[in-house]
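What follows is a group of structures, each given as structure tokens.
Both complexes shown next keep chain A, but they swap its partner, so chain B is in the first and chain C is in the second.
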Partner chain A sequence: MSDKKKIRVVIAKPGLDGHDRGAKVIARALRDAGMEIIYTGLRQTPEQIVTTAIQEDADAIGISILSGAHQFYFKRVIDLLKEKNASDIIVFGGGVIPEDDIPSLLDLGAGAIFGPGTPTSTAIEWLEKAVLTKS
Partner chain B sequence: MSTLAERATAGDVRAMARLISMAEDRADGIDSLMKELYPRTGRAWTIGVTGSPGAGKSTLTDKLIGHFRSKGSTVGVLAVDPSSPYTGGAILADRLRMQRHTDDDGVFMRSLGARGSLGGLSRGTREGVLILDACGYDIVIIETVGVGQSEIDVMRVADTVCVVLVPGLGDDIQAMKAGIMEIADLFVVNKADRPGADRLVHEVRGVLEFLRGRDWVPTISQTVAETGDGVAELGERLLSHREYSGKSGAGRERELARLKTKIEEIMLERLSSQVETLWTDRREELLEAVHERRLDPYTVAEELLSRA
Partner chain C sequence: MGVTEFEVTEFKKAKAVYESRVDKTLQKNPERKAAFTTGGGIPLARLYDPESLEGHDYARDVGFPGEYPFTRGVQPTMYRGRFWTMRQYAGFATAEESNARYRYLLERGTTGLSVAFDLPTQIGYDTDHHMAAGECGKVGVAIDSLADMEILFDKIPLDRVSTSMTINAPAAVLLAMYICVGEKQGVRADMLSGTIQNDILKEYIARGTYIFPPHPSMRLITDIFDFCGREVPKWNTISISGYHIREAGSTAIQEVAFTLADGIAYAEAARKKGLDPDDFGERLSFFFNAHNDFLEEVAKFRAARRLWARIMKERFGATNPKAQMLRFHTQTAGCTLTAQQPENNIIRVTLQALAAVMGGTQSLHTNSMDEALALPTEKSVEIALRTQQVVAYESGVTSTVDPLAGSYVVEKLTDEIEAGAMEYIRKIDEMGGMLHAIEKGYPQKQIQDAAYDYQKSVESGDTAVVGVNRFQADEGTSHRKLLRVDSSVEQRQVEKLRKLRESRDNVAVKERLEGIRRGAKDEETNLMPLILDAVRVYATEGEICGVLREEFGEYVENIVL
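Presenting the complex of A and B:
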């Protein structure tokens, strides 16, 4: 009687980035893969992102970031999730993040970082698998 | 170990959120959790906000949250957005306009995908209201998907239904139509600073003429949700409807009708899952017989039911 569980993803844009085209592209691609996307818009604080993910019972948070402040925002979001006993929520990201910075973000606990030009299908496949193995 | 229901009612937001997901997914075990929660419900006031796409429902909801918070009430919000009929996916963006309340512990907001429900709500909305009620929220606001003329499920969930209209969407005959216009306890003419607002108010007033003599005649509020103009007054009018419902017994009547629907729904759901098992052993044979006109669908159905 119970339905297949829906994958729910918060797509967030922390900080002062001025546009969210990339975030919208990934949001639409994930929707077309059958997921429910909670879209929160520009200029979110890490606190707002984490509270949103908890209230929305999200499986994952996708952070899109262009400003260069990725180290700070990823760390803060991941720390807050730990603080709120919600480390099972997957964190992944994309945007303009230099190749060299990726390993340290993964060390912090990010599940995956998708750089510019990554086909959306790669992100979808990864996310579906990550959510499946988590639950 | 404590159950999810116990954790949620003790204020664990994660548990609350998980319960709502379980209700939405119809997950195994949700029924017994709802049984546990039900005795704690019955205190929250549920306000439905409905209206056409782009009428300003989310912005108005945002301002109403602010209004009720300033009066000291805690507020839960369930905001429904459409799901894709092709992929089942959805972009839920009502929250975008209410995000300023995310930092407020007295507010819980949840976005729901309609997932094929046609009445303007999602399948788990009713349970979502009960869950937030049991967890102690004073007011639960339900924002429906943008509706046309006949998505009226919100009246089966909300104590007070607020229909949001905007100028410039249609001629006066639209206001006469059945369905959505009939379920309003209050009308809101939003974007009231735009041309045509006065005319719209006049048209709605014309429709309400037919209701003269009833105990409760819907009021018409004018708001500009973007700036907050008129929202405090709307808040007061919502409150008068609540007081009327309590005093007149109309609220109790509505609640009883709602419970009747709910109980019958549960029975129907259980029965329909039994229906399949009634003929699993003979399905092919009977389908073949009906297809070849040796039997008719009515006789087959009657016979199968008589075996139940």
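Presenting the complex of A and C:
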């Protein structure tokens, strides 16, 4: 990997959830940290999210979800990545997600889940390391 | 109140003495920060005194409760007459579970209902639509047809309970269902009282549950104004909402500004339709956030009331006092709740509720301590309701009207928030009104910038959040009892829907849906009666919105980052 290559991240809002404050804040924080950000906007199907990530040659997909439908959407996105042989794309996320639900999301293959109150710097550091380890 | 020259001289002398004392104190003990501001960023002076209110005119700017410009409240006696409506927003899973929750709340002294719908319902999809997968019953109750609505209000007398429904893009459909449930209970439409949110502009700006593009959306809204003016006269036809704008990250001034600018857009649309501001103005209601900064929030409610009264009178020529009054619901700020040390949220909610009451709210929802993690449990909802009851019955602030009026700082902040909001409204007017401002992404960008600034300020520690960046404790949130909605809910709801489609009169459904289609094509037709006809024969929400989607198209988000 060349040192110059910027980390590319798709920030995604799956499903019908309209809460985009967190998605936009994390998108800007990652951008300010020097990453390239593709923000999908609202109401994306898992298929659209995965297609965007592959087309954009993304290193990671960050899923923001506050509607309680996280189990469903993380599973769909991760399964689709597998189907398309794109499991090298890191999946992480945040939102209103109870701590008890995190282990099962990690078991599915999510790299990290950041709950309410997480500083953006924590997510940035984690993502930089995760992308570095992967390549 | 004549102030003599002697008194002015004495005041100036005393103030000079105080200021020299401050200087001495500062040399020994500097203040905690170089500059103090409200939570929304308004600079705060060390001290406010009579000089702070120079040019302030009590009769013009404050006046008496129940009188223009309503700064001190919309009723002459406020809570000495009757407390605000304690209205807890609730709804989850299917109609059966939510009906049980409403009856639980009513038994415990809640005085009005507030229905939370799940996302498919809010966006006009039936539960069996592919876009609805995974979302059924998660953030609210799943309602597909009148059959669900009948269950939702089973054994709840609609002539005795007022109901607020957080429904926007498909508000006409859910209102039609409510009217039909009333009919079945023998309650005429003109006896129903309640509110539909019906505020599409803030969906484009901040909340995201839009369906149709702006033009047909505004038509649906004014069709509802017109229909309810004749048929459902006690109904609040819109709840113009700053709540979600604030939750998305705006400042207090922006919350007032963008909400009232939305209000102006609705009033203009109604006037263009030929409706009289003195009539429709009476049925406009508002919805604000109660955030952390206590004094700023109290001032915000007072400023919003005064500014709206001035707008209705000066801009729209309303002379009916009821059409000048800003009546509002308040919800405590969900975005201030922390997942860390959730019990602290009870205290936050208490202070926010107190601000709403000192600001003269007409109804109030208090958030539950566990809402940074999930929908609230019965126990935490009960604490939230009890919080309101303690403020109402024990705190004493309800015994005199607008108790913070005359406080130098509160009056000053009230003036500053009004002036700041007017400045934004002027800019929006220059852009050609709120619809154009939204197209340009203006309010969206302002809100996002404020949200990002806030996040940075929390991370730098400038903004303190107890339990998050101060006084942290090592604690897991796991194994707390949380409310869960599992996937069997979706299966049950899909099965109900399948049976409904088998058992209803499908010929009638088809015919009435075609009626809506014809109506949609003709701008002069009021869609409300056609939607009522379709709902009555159990056409589903998704079918009705589906026809309207085909005719009106769908809104495409203007992504601003």
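Structure notes:
Here, the second predicted complex is superposed on the first by the 132 of 135 C-alpha atoms of A that agree within 3 Å, B and C clash if a C-alpha of one lies under 4 Å from a C-alpha of the other, contacts with A are read in each partner's own complex, and residues count from 1 in each chain.
Following the convention adopted for this analysis, a contact is a pair of C-beta atoms (placed from the backbone, for glycine too) under 8 Å apart; a residue touches a chain by one contact, two chains touch by 3 or more.
As the structure is a computational prediction, the values presented were derived from the model and not from experiment.
Applying the stated contact rule after C-alpha superposition, one finds that A:85 touches chain B and leaves chain C untouched. In the superposition on chain A, A:69 makes contact with chain C only, not with chain B. In the superposed model, A:119 makes contact with chain C only, not with chain B. Once chain A of one complex is fitted onto chain A of the other, the partner contacts of A:6 are limited to chain B, with no touch recorded for chain C. By the touch criterion defined above, A:57 reaches chain B but does not reach chain C. In the overlay built on the shared chain, the residue A:39 is in contact with chain B and with chain C. Legend: residue contacts after superposition of the two complexes on their common chain; A:96 is shown touching chain C, with no touch to chain B.
Contact with chain C, but none with chain B, is seen for A:21 once the two complexes are overlaid on the shared chain. Overlap of the chain B and chain C interfaces on chain A: residues 27-28, 31, 37, 39, 41, 45.
Interface of chain A with chain C (complex): residues 15-21, 24-25, 27-29, 31, 37, 39, 41-43, 45, 67-69, 71-73, 76, 96-100, 115-117, 119-121. Contact residues of chain A toward chain B in the complex are 1-6, 8, 27-28, 30-41, 44-45, 47-48, 51-52, 54-57, 84-86. Residues of chain C touching chain A in their complex: 119-120, 122-123, 125, 131-135, 138-139, 203, 207-209, 247-249, 335, 338-340, 372-375, 448, 451-452, 455, 458-459, 465, 468, 476-480, 482, 485, 487, 557, 559, 561.
Interface residues of chain B, counted against chain A in their complex, comprise 13-14, 17-18, 20-21, 24-28, 83-84, 87-93, 95-96, 99, 102-103, 108-111, 113, 115, 273.
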